[in-house]
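Multiple structures are listed underneath, in C-alpha cells.
Look for chain A in each of the two complexes below; its partner is chain B in the first and chain C in the second.
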Partner chain A sequence: MTLLEVENLHTEFPMDGYTIPALNDVSLSVSSGEIVGVVGESGSGKTVLAESVMGIVEEPGRVTDGEIRFKGESLLSKTESELQSVRGSAISLVFQDPMNSLNPTITVGEQVAETIRLHQDVGESVSLGAEFKRKLFGATKHSESWKQSIEMLETVGIPEPASRASSYPHEFSGGMRQRALIAIALSCEPDLLIADEPTTALDVTTQAKLLDELEALAKAFDTAVMLITHDLAVVAEICEFVYVMYAGEVVERAKTERLFGQPQHPYTVGLLDSVPKLDGLTELGAIPGDVPERTDQIGGCLFAPRCPEATQECQENRPSDRNVGDGEHSAACLKRGKSQSVDMVNKHD
Partner chain B sequence: MSSSTDSLDAADRQQRDWFGPVMDTVLSDKRAVVGAAVIGSIIVLAVFAPYLAPTEPQTTYDLLEPPNSHSEGDFDLDGTTEEIWHPLGTDSQGKDILTELIYGARISLLVAFATVGFALLVGTTIGMLAGYYRGWIDSLLMRYIDLQWAFPEIVLAVAIIAVAGGIGVVPVIIAIGFGFVDDFARLVRSEVLKTREEAYVTAARAVGMRPRRVMFREILPNVTGTILVQITLLIPIAILWEAGLSFIGMGVSPSTPTWGLLLADGRQFLHEAWWISVLPGLAILVTVLSFTLFGEGLREAFDVSEREVHDR
Partner chain C sequence: MTETIGSRTAPADDQTSLVEVRNLKKHFQTTSGPLGRLFDGSDVVRAVDGVDLTITEGETVAVVGESGCGKSTLAKTLLKLHQPTHGSITYRGTDLTDLSHSEMRPFRREMQIIFQDPLGSLNPSKTVGQIVATPMDVHGIGADSTIRQERAKELLKRVGLSVEHFDRTPEQLSGGQQQRVGIARALSVEPDFLVADEPTSALDVSVQAKVLKRLDTLTNEHGAAMLFIAHDLSTVRHIADRVAVMYLGRIVECAAVDELFDSPQHPYTKALLSAVPRIDPDDRAERIRLHGQVPSPMNPPAGCRFHTRCQELIPPTEWKGTQEQFRMVFTFQQKVLSGIIDVEAVRTELQEDSKEVHPSALVDTVVNRLFPGNLADLPSDAHNTLYSAAQYLVDGDVDAAKGLVREEIRTPCEQNVPDVESQSSCFVRCHRYD
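Our next item is the complex of A and B:
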C-alpha cells in the first residue's frame, strides 16, 4: 500500500527580489514498511523535502505547487492544528544533528514522555499548567508516560534506561542522543519515519550499528522509513529503493541493486565514482564544479554545466523523467532511454 | 553499592543541573556573596519589621533628636515616664528614624519586586511573541517598544500615576514597571530569536507541539539565565525610581514611611538635622549596591566563557 505520495512538489524561498526554488517538481512515493533512500549532495533540497512533508518549512519558504498525500489524504490541505496531530504520531522526523536536537533543559526521559503524552491518550493532561505542576511536585516519575518512555529507551538500546532517563542530554554521548531521538520518533509508533541524515554526526562504527538497529526497529514497529542522506554506503546498506536528488530535483530513481549496478544519470555515475574504492587502481572520481546557485536561470538541464556528456541540446532543453530499463528505473537525462509519458511515481508499488 | 559507584553518582548529581555550577561561581565571587548577604538581611528586616523595629511606626517622640540620643516622656500612655533610645535620631515629626528605615524597606522592596515582576511578565510575553513569530507581529510589538523607549520615563511614570487616579502602591508599581517593559522585551526577543533556530526547537515542532508549548516549555527555560540576571540588575533601578517618585511626592501615600519620602522630608532640615536625609540616602545606596554586586556575580556565573576563565 502506498503510504506517502509526493507529486510534483515545488517549495520556494522568496528572497529580496528573487526566488530560490528549493524543490522543483519533486515526485516520490513510499509504501508501508518500505525503506526508501533519498541521496544527494549538500544543497540538493533533501532537508527541505523532509520539512515540506512535515509542514514545518521555515518562513518565508513555502510549498507553492504540487501535492503531498499521506494514506490518501492531502497533507497540504490540512489545517495547522490537524497537522500537529499528524506530526510525531503518524509521521515523525529524526534530525541530522543529535547534538542539538534535544532540549538541554529537559531530561531525556521527560522529552520522550512528553511526546507520548501529546499523542497517546495515557490519561495525563498535557496543558502547560499540568506540566508545570508535574514538574514541581515530581509526579512525572510515577506517570504512565514515564514508564512507557523508559520502555522506549530500552527498545532503542540505551543501557540502564530507568536511571538514564533522568539524565540531561549533555550527559549522553552522541550515539546515545541519536538513540534517544529515535526513541522520541518511534514512541508513538508512526507509520512513516523520516530520518534526515541520522548518522552524519556519528563515527563509522556507531553509524553502522545504529543503521542496523534502525532497520530492525522499522521492521519491529512496521514503520516505513524515508532515509535522507548524502552517504551512498548507508543507502546500499538498508534501502530498498533510492531517489537521487540534484539541485532540488529528483534526477534518478531505481531499486537499490539496480542503481548501484547500472547507474544511468551522469550525476549518479559521478556520485558512485566519488566513493573511495580499495582496489588501489581506480583513481577517485570527483564531480567538477558545484551545485548551481539556484538563483541562476538555467534553461536546460541543471546538471549540464558539470556533466561530462553534456551537449548543446542539454544546455537548452530541460529533461524530464525517462524510462531506463525496467519499469521502475528512470532518469531525467536527455542522453538516456526514451521520453516516457507514464508517471513513474505510482509505478513501483 | 561500592564506593566507586557512590562517587560516580555524586559527580553525576553535581553535573545534573545548572544550579550547582552557577551557585559555585556566585559563591566564589566575594562581592556577590556580600551583596547576597546584605540583600538577605534587608529582606529579613522588611519581613519581620513589626518585631525588629525598636518603636511603633506612628509613635512620635522629641523632634529632631540626633543619632544616639534619648527621648523622655510617657509615650505608651501608661502613666509612667520612660526613656527611649534613638540610635539614628528622630525626624521633624519626632518619629524614630531607625523604625522608619526598617518599615521603609518594606515599601522599597515590595515596589521593587512587584515592578520588576510586572515588567517581567509583560516584557517577556512581548519579547517572546515578537521573537518567535517574527514578521508583522515582531514589527508591531517592537515599534511599540521603540515608541516607549523614546519617551522620557519620568514623564511616562507621572502620566500613568495621574491617569491611575492618584498616588498609592498599585499606581506606583504600574508606573515604574511600565518603564521596564522595554528592557525585558528587547532582551527576551533577542534571546528567543537565537534560541528558536536551535535544532531542538524545530524538533519540538516536528513532534507536533503547539506554538504556545514550544515557547514556554522549550524556549523559555533556555532563556531563564539571562532573564534572571536582568531581574537582579533592574531591581536596584526600581528602588531608585520608587525613592525618586516619593521624593517628588508622586510615590505611595505621604503617611507611609518610605526612604524617598524621608529623604525629601529631611531636605529642608539639612543644616540642622543632616541625619534625616543622609541615613535613608545611605540605606538606598547600600541596597542598590548590594543588588548590583549580586547581579554582576550572577551575570558572570551564567556567562559560560567567563566561567571557563574562572575555572582555569
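Our next item is the complex of A and C:
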C-alpha cells in the first residue's frame, strides 16, 4: 500500500532579489513497511524534502506547488493543529544531532514516556494537575507509560533499560542517544519514520549496529522508513529503493540493486565512484566542480556544468524523467532513456 | 568521467626516519581540584598511553580508531601542541620533547596541521588570500607581499579553487572549499611533515573524495610525509602506506596498508573493517559486533585493553566449554561489575501479576538478564557461579557478587599486557599471537 505520495513538489526560498528553488518538481512514494533511501550532497534539498513532508519548512521558505498525500489525504491542505496530530503519531522524524534533540533536564525514560502519553491512550490522566505533578517528578515507576518506555528502550538496544531509563541524556553515549531518539520516534508506532542522517555523527561500529537495528525494527513494526543520507554505502546496506537528488531535483530513481548495478545518470555514476573502496584496486574518483549556488540561473540540465557527457543540448534543455530499463528505473538525463541505446559501460562489475 | 587518484608511492627505500615517537603519553587532569587529586588518583584521563610510532620520509601513516581513542591527542602531542606527559618525540634526529615555544619555532615551518573543523580553523575576518599568505609572512617565505600573494593564488589553484575565491571570507565557501583552503595554508610553507586530523569527516562523500585526492597528490609532489587521522578505515586505503589502529590510548595493530586490509590480525581491526558499509552486497563480510561500550580512558581495563569487548577473548586453560560460552560468561561478569542491573527495578517489573515475587524467580530473571545466551549446556561450575552471583545481588550484597565473579571468571587477556616489539614498523598487540 502506498503510504506517502509526493507529487511534483516545489519548495522555494525567496532570497534578496531572487528565489532559490530548493525542491523542483520532486515526486516520490513510500509504501508501508518499505525502507526508501534519499541520497544527495549537502544542498541537494534532501532535508528540505523531509521538512516539507512534516510541514516544518523554515521561513521564508514555503511549498509553492505540488501535492503531498499521506494515506490518501492531502497534508498541504491540513491546518497546523491537524498536522500536529499527524506528526509524531503517524509520521516521526529523527534528526541528525542526537544531543540537541533531547531535553538535557529530563530523564531519557521520561522523555519516551511523555511521547507515549501524548500520542497514545494509556489510561493515564492528562489533567492539568496530573501533568504538573509529572513535570515536577516525572512518570512514576509504576505507571503504564513508564513501563512502555522501558520496553521501547529495550527494543532499540539500550542495555539494562530498567535502570538506564532514569539516566539523563548527557550520561548516554552518542550511539545510545541516537537510539533513545529512535525509541521516542517509534514509541507512538508511526506508519512512517523519516530519519535525516541518523548515523552521520556516529562511529562506524555504532553506525553498523544502528543500521542493523533500524532495519529489524522497520520489519518488526511494519514501519516505513525514509532514510536521508549523503552516504551511498549506507543506503546500499538497508534500503530497498533509492532516490538520488541533485540541486533540488530527483535525478535518478531505481531499486537499490539496480541503481548500484546499472547506474544511469552521470551524477549517480560520479557519486558511486567517489565512495572509498576497500579492495585497494579501484581508484577513487571525484566529480569535478561544486554544487551550483544559483540554480535559478541555469537554463538547461542542472548537472551539465559538471557533467563529462554534457553537450550543447544539455546546456539548453532541462531533462525530465526518462524510463531507463525496467518500469521503476528512471533518470533525468537527455543522454539516457528509451530513445537512446542503453549501452552504458558499467564500471562497477 | 572522473579524475583518478595517483597510485600510492612506496615508502622510501632508504627508510630514513623523519619522526620517531617513543613511549609517548599524554594524560589530562580532570577538574576535580587539588583536594580531589590528593585523595583520588584515578581522575587522570589517559588519552595517549604509551605509543611508539615511526614515520619515514615521504611516508603516509594513517592512525585509525573510534571517538575517544586518543588519536587527535596523539596528533597534537606529536606536534607539541600539547606538552607530552612522558616519552619522547624526535624529528630528524632532534629531540623535540622539552623544547620551549620559541625553540620549536624553526620546526613549525616544517611540521604543519590540517584540522577537522574547516570553518573553525580559519580566521573568519580574513580573506582566503590573507589566510594562505599569513604563514609565509610569519616564516619569512617570499621576498615581499606581492610575491606571497602570487604564491597564495598559485596554491589555491593547485587545491582546486579559482582566483575568484581569493577575496572571499571563509564562511562564503562550502565545507569542501574551506577544507581545501586549510590544505593550501598548510602547504604554503612547504612542510616536510603534515598532520591531517580527520580532514574529511565533516564533508560529504563526494567532496571527501576530492579533498583526499588533492591531499594525496600534493603530499606526493612535495615529498612530504603525512600522519593521517581517521575514525574509520574506508578512506585510509586510498591514501596511506601504513596503518596504525588505535584503541584506548594505545596502538593495537600496525601494518602496511594492503596487509591490514587483506589480512587484519587484531580482533579490533577485524571489527572496524567489518563495520564499514559496503555498496556491493558480495563484499559484505559477517559483521562483528563488539560487546558493551568503550571503557573510560580514566580507568582502562587491565591486561589487554580491548579484552572487555573482544569477540575472540581467550578462555583459561581449565575452561571446559566453548570459546563462545566463555565470552558470554565474561559478559555476565562485566555486567555484574558495572553494576548495570537494578534488582529493585526487576522486582518491580515482576510484581505486575503476583503480589509477592518468589526469590528464586527473581534470581532466575537476574541471571537471564545478565547472561546473553543459553544456560543449558554451560559447564556446571560456571553455571553455579552465575547463580551464586545472582543470589548475592538479590540479597543486596553487591560487593560479594562482584568479588565472586572477579575471582571465578578469569581470562589470560586480563592478566597480562600483550607485549610486542612495538618499535618495529609492523606488529599486533594481542595474546592470540603470543
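Definition applied: the second predicted complex is superposed on the first by the 318 of 349 C-alpha atoms of A that agree within 3 Å, B and C clash if a C-alpha of one lies under 4 Å from a C-alpha of the other, contacts with A are read in each partner's own complex, and residues count from 1 in each chain.
In this section, a contact is a pair of C-beta atoms (placed from the backbone, for glycine too) under 8 Å apart; a residue touches a chain by one contact, two chains touch by 3 or more.
Keep in mind that this is a model prediction, so the values were computed, not measured.
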Quick one: classify A:T115 as touching chain B (first), chain C (second), both or neither.
-> first
Chain B or chain C, by number of chain A residues touched | C
Touched partner set for A:S101, first chain B, second chain C, both or neither | first
Using the touch definition from the top, say if A:I20 reaches chain B (first), chain C (second), both or neither.
-> neither
Check the residue A:L76 against both partner chains and state whether it touches chain B (first), chain C (second), both, or neither.
-> neither
Would you check which partner chain A:I184 touches, where first means chain B only, second means chain C only, and both and neither mean what they say?
-> first
Determine where on chain A the residues touched by chain B overlap those touched by chain C, and list them.
-> none
Of all residues in chain B, those that touch chain A in their complex | 12, 15-17, 134-135, 198-200, 202-210, 212-213, 216-218, 221-222, 224
Interfacial residue positions of chain C with respect to chain A in the complex | 1-5, 66-67, 174-177, 204-210, 212-213, 231-235, 237-238, 257-258, 261-262, 271-281, 283-284, 287, 289-290, 292-294, 335, 340-342, 345-346, 348-349, 369
Sort out for me which residues of chain A touch chain B in the complex.
-> 54, 56, 59, 81, 83-89, 92-93, 95, 97, 100-106, 114-115, 118-119, 128, 131, 166-168, 171, 181, 184-185
Taking the complex as given, what residues does chain A use to touch chain C?
-> 41-43, 141-142, 147, 150, 159-160, 162-164, 173-174, 203-209, 211-212, 230-234, 236-237, 257, 260, 266, 269-280, 283-288, 290-291, 307-309, 348
